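Following are the structures in question.
Here come two complexes built around chain A, the first alongside chain B, the second alongside chain C.
What follows is the complex of A and B.
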């Protein structure tokens, strides 16, 4: 680990000022510290944002929820309102990491967690995300965890998280305080970026930007499903995950939101998939069509080729579940 | 006088069964258990050695290269840095188990990516780690690296290790009523012991004390001394508690030798601990294997031929080759046999023993093949195996020692409810899940190794057991306490077992499942020595002594042990040496696995739902620790079948998944209720205490039972391990 300065921010302004001066925020530290030990991330200064008053979940004026950036994953998943009104979020969080990690991990940190690409983690390997211009080790190498959609010649990494996939399906937004104190709100679906030729930038945060909260629209109702497919029963990142919020009316899908994890550099949201389903009666043929649309541009990299059929299969299964129980409930 | 015993003849006298104290066999708790779970047992890194500093090994960033320079000066300027060492004595890789001498030394020439090439020492662990990461190394890269074992050229003397060619297999295959010729692949594995490797070296003049995490101290002492070029008498190794070894701590390793070199130079104790990534980079891996299995049988299901030929790999210069066909030699009959192992020389890190070397992966392929041939022959897989249990060793013509394979198969089948299964695959469905059952035989060779122990009866009538044997989490503290407690008639609280110190009599060490029987026999013999001295005092026959709860009874006299000793301690020494029974009979341990799995028809995910293991391993010394060994082995079976794989990048031979987030050992949720049943047995050929090895048996075949069950669930044969979901869905129709 490289030596670094450490300070604690008592106010958002202190945090933002330190951030503008190049300090890196530390929240739960469950991702950042691991990467610092390996010198994959080498900040000169850390500013600890844990003293900030961002630990509560409150109801918003329009009947939605505002989840503070420092609410832990465990607390968020256990919150009665989240469990009752946004079960897909609770399920997604609980499908991630382990109990110990979720007790430490925060809402803001979870959104910003970095890829699990093996080459990103190994400083002996080339990696454009870690060291722009050095090349991409994963292309032509071991890429089981990697992207099938939206990748570039520079980077084929995936965003590894679960929570953000559910947030994308819920049409949530990220509340961001800029260095100058201005607040802005970015839809979660626009928060993470595709790699393009700047894979070192995971998301739209600029220097000094502090995530203050995640906001959820009013409860969407419907049936919530989060299905995560992985290499062991727990404590493994998604190979493919699907979050769905579906509403049925008279045997037809009256509204549906879908988001996908493990297949791209960001939680994948494709309105065309939702459009083809909306207003239709659920059927295997319809689910297949949705899968076709989702995966029409999918490209495998070798060890992750299986994600293409796996995503299609998982989507069908989730749709089956979301529309069947929706019809009966 | 040492009570020395050479195992030349069977020991039919079941002495331990006559002891009154009743400890051996009972499920006694481990005396070290509470200390371990409450953080009081000292693991290597935790020793409080005043003045200690920290070293971190520098890894090569190239797979094949010559190190041409190290920019020592730049790193020496950094805060806390005390030294940078690239001594010629540094180890390229760990010593193989029982090597008893230094492994390949000198790290200037690089043979694999991740090879240690230097040590950076600093005041703190973090400073040393940073120095190691920052150290500028110049290399001349070499372009003769070979990274893929399957495309490597194989030298003549690397072909046909442990080979046997008996009869003509091609003819036997052609004439067979039913036959099978399939190729299986198993990936490399990491031991993934919970405790990372660590050594703290401390010098006092010429005397070196090494607090390390090692399994076989008498060998490790010689290996360390040889590596450093010093007299073994000047080396003491302490390893009282070990957080798992599984073979990865058999031989002296780079961290110990580098710690000793730096400590000598700095005049301060040096602690070198591997980061988890380094445990993947530089600790022994289990070799990947490619196994061609050929089986032929007649109409009645009797095997007529067995072929088992494997390709494994290792670094240039390493003698170890994964003994894949070890159990195939003795398990099943069949007159025609072709067995052998080829070794590819590759620039991947060193291959060595990982729990159950040989059988862990060899039985996997053999038992998959047996399942498949049974189906082709239309015979129930349990019955098929029973028909092929040979009368005598099919190659050597010698008899077997005790062998309850028949019973294990029957008992396991009964306990599992095997008769209720649907033999036809892909017939049972619960929603998205396809349900299947499968079984496999367990088999593993049995060995006895030379081992010594000293037992002292203190004047108060308490026993102190001393041997440099180790407890790698297996229960050695418990069983040695039980054996001496029974032999000397003492409750466990009056027996203190001291292990893991080379100042004590040299033991077998923990490895190859032989530790408990070998060190247990030495302790047994040492206690027998004491019993003889007591008998002499009482002018009685040793065999007529009854010792219980601190009292000695001989005929009509009863004495308190402490009275008898009359203020003088009594010492006994035991020494067991393997002998002719190792060759006169075929010694193995046996068992059967029965498994139920659910395979998801959508995602291909597999969940083991039920697992039953029945084992025959001679006398069980402690029912609880033996059962725990079996649980552990079966969990390894789940990992080997479904999740564990070292992912090598064939462009440079490095391991991509070098941490426990991406190297997937099974988690709690992957492990169902496991039932272990231990058969009652005494093997007089195996050891003076009639016990055999049990630490590895329960892995050997376990993975095959799982994939056989997956076949029954899905109709897909899995021959390429691990059977991850991508392989499942690629075999499924949409």
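What follows is the complex of A and C.
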């Protein structure tokens, strides 16, 4: 690990000022320290934001929830309000990492988790995300984990997380404090970016920006499903994951939100897939049609070609489960 | 150099170390507590698991200086050869190991895991996340997936944990 200056921020302003001066925030540190040991990330300064008062989950004025940026993944998944009103979020968090890591990983930090692309991790290989302009080792290389949607000639990495996939299905927002103290709210679906020709930027955060919370709209009701397909049944990253929140009325799908993990540089959300399902009676033909829309622009890279049929089948399985409760009502 | 004061196994300790020092290296190299093991050093194997303020964490993926004022419990703080903790005794009784290298991490992890279950935390195999699940082999396997045993003593590890959990009820 390269040497760095270590300091603690007692206030959001102290954190933002340090961030504006180029310091990297550390909260749980489980991803950052891993990358620093490998010298994939080499910050000159770390500012420890754990002293900040961002560790609580509170009810918002409109009846939603505000999850502080420093709430650990464990505490969020175990929170009774989350389990009762937003079970897809608990399920997604519990599908990721291990008990030890979830005890350290935070809500804000987890959103900023870096890709698990092997070439990003290997400093002997080219990677436009780690070293802009060096090329992409994954294109034409080993790319089993990689993107089938939204990739570019510069980068085919995937966003690896689970929590953000559920947050996308829940229409959650990221609360961000800018360096100058102004607050803004960004939908989770707009927080991560597609790689384009600047894959070094994972998300829309600017220098000095500090994530202060994630906010959830009022409880959506309906059936919540999170299905993660992976190489082993626990403690592995998703090949494909699907988060669904579905509501049924008179045997028809009256409303549905879907988000997908493991297939793109960001949690994938395609309103056209939801539109084709809404107002319809669930059927295998309908699920196939939704899969066709989702994957109409999908491109395999060789070793990840299997993800295209896998995503289609996983979507069908999730829709079957999410719509079963009200299908015969 | 960064000065850090911690309570380790109920004793106040102080270290002065490069900020790069992980909690794991601080325990082993600065505090002579070598019960905590270094396996992968990347949070994948769980051999370095300790309790930080009662919660299980990977001591390799956290900086010692980030734990100023924290209470850390290592395997040395759970029991002694003359006074084993219930989980330690159960691991001995059920032969929950072969080489023993992962064992301190397994036992620290299981100790905190049983507390998580007692607090009603769900897991990835819990049918309904709203309802606190009973402890089963499947629940133990899922909840302990952050601790790898390369000798693959898993069947006896699960037996030991189940027995210790049942004895506690």
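Points worth noting:
Simple rule for what comes next: the second predicted complex is superposed on the first by the 325 of 329 C-alpha atoms of A that agree within 3 Å, B and C clash if a C-alpha of one lies under 4 Å from a C-alpha of the other, contacts with A are read in each partner's own complex, and residues count from 1 in each chain.
The working rule: contacts are C-beta pairs under 8 Å (C-beta built on N, C-alpha and C of every residue); 3 or more make two chains touch, one makes a residue touch a chain.
Computed from a predicted structure; not experimentally measured.
When the two complexes are overlaid on their common chain A, residue A:103 makes contact with chain C while staying clear of chain B.
Residue contacts after overlaying the shared chain place A:194 against neither chain B nor chain C. Shared-chain residue A:293: touches no atom of chain B or chain C.
Look at A:310: by the touch rule set out above, it reaches chain B but stays clear of chain C. By the touch criterion defined above, A:45 lies against neither chain B nor chain C after alignment on the C-alpha atoms of chain A. Of the two partner chains placed around the shared chain by superposition, neither chain B nor chain C is touched by A:186. In the superposition on chain A, A:141 makes contact with chain B only, while chain C stays out of contact range.
Once the two complexes are overlaid on the shared chain, A:3 sits against chain B and chain C alike. With both structures placed on the common chain, the touch criterion links A:83 to chain C but leaves chain B unconnected.
Taken together, the two complexes place residues 1, 3, 37, 233-235 of chain A in contact with chain B and also with chain C. Listing the residues of chain A that touch chain C in their complex gives 1, 3-6, 26, 28-30, 33-34, 37, 46, 48, 50, 74, 77-78, 80, 83-84, 87, 90-91, 94-95, 97-101, 103-104, 233-235. By the touch rule above, chain A contacts chain B in their complex via residues 1-3, 37-39, 116, 118-119, 121-125, 137, 140-142, 144-145, 229-237, 239, 303, 306, 309-310, 313-314, 316-317. Listed in rising order, the residues of chain B touching chain A in the complex are 59, 61, 79, 113, 126, 129-130, 133, 275, 277, 432, 602-605, 607, 642-643, 647-649, 651, 654, 656-659, 661-662, 664, 666-670, 724-726, 729-730.
Those residues of chain C lying in contact with chain A across their complex are 2, 18-20, 22, 41-43, 46, 49, 52, 55-58, 61-63, 65-66, 109, 112-113, 116, 119-124, 126, 129-130, 141-147.
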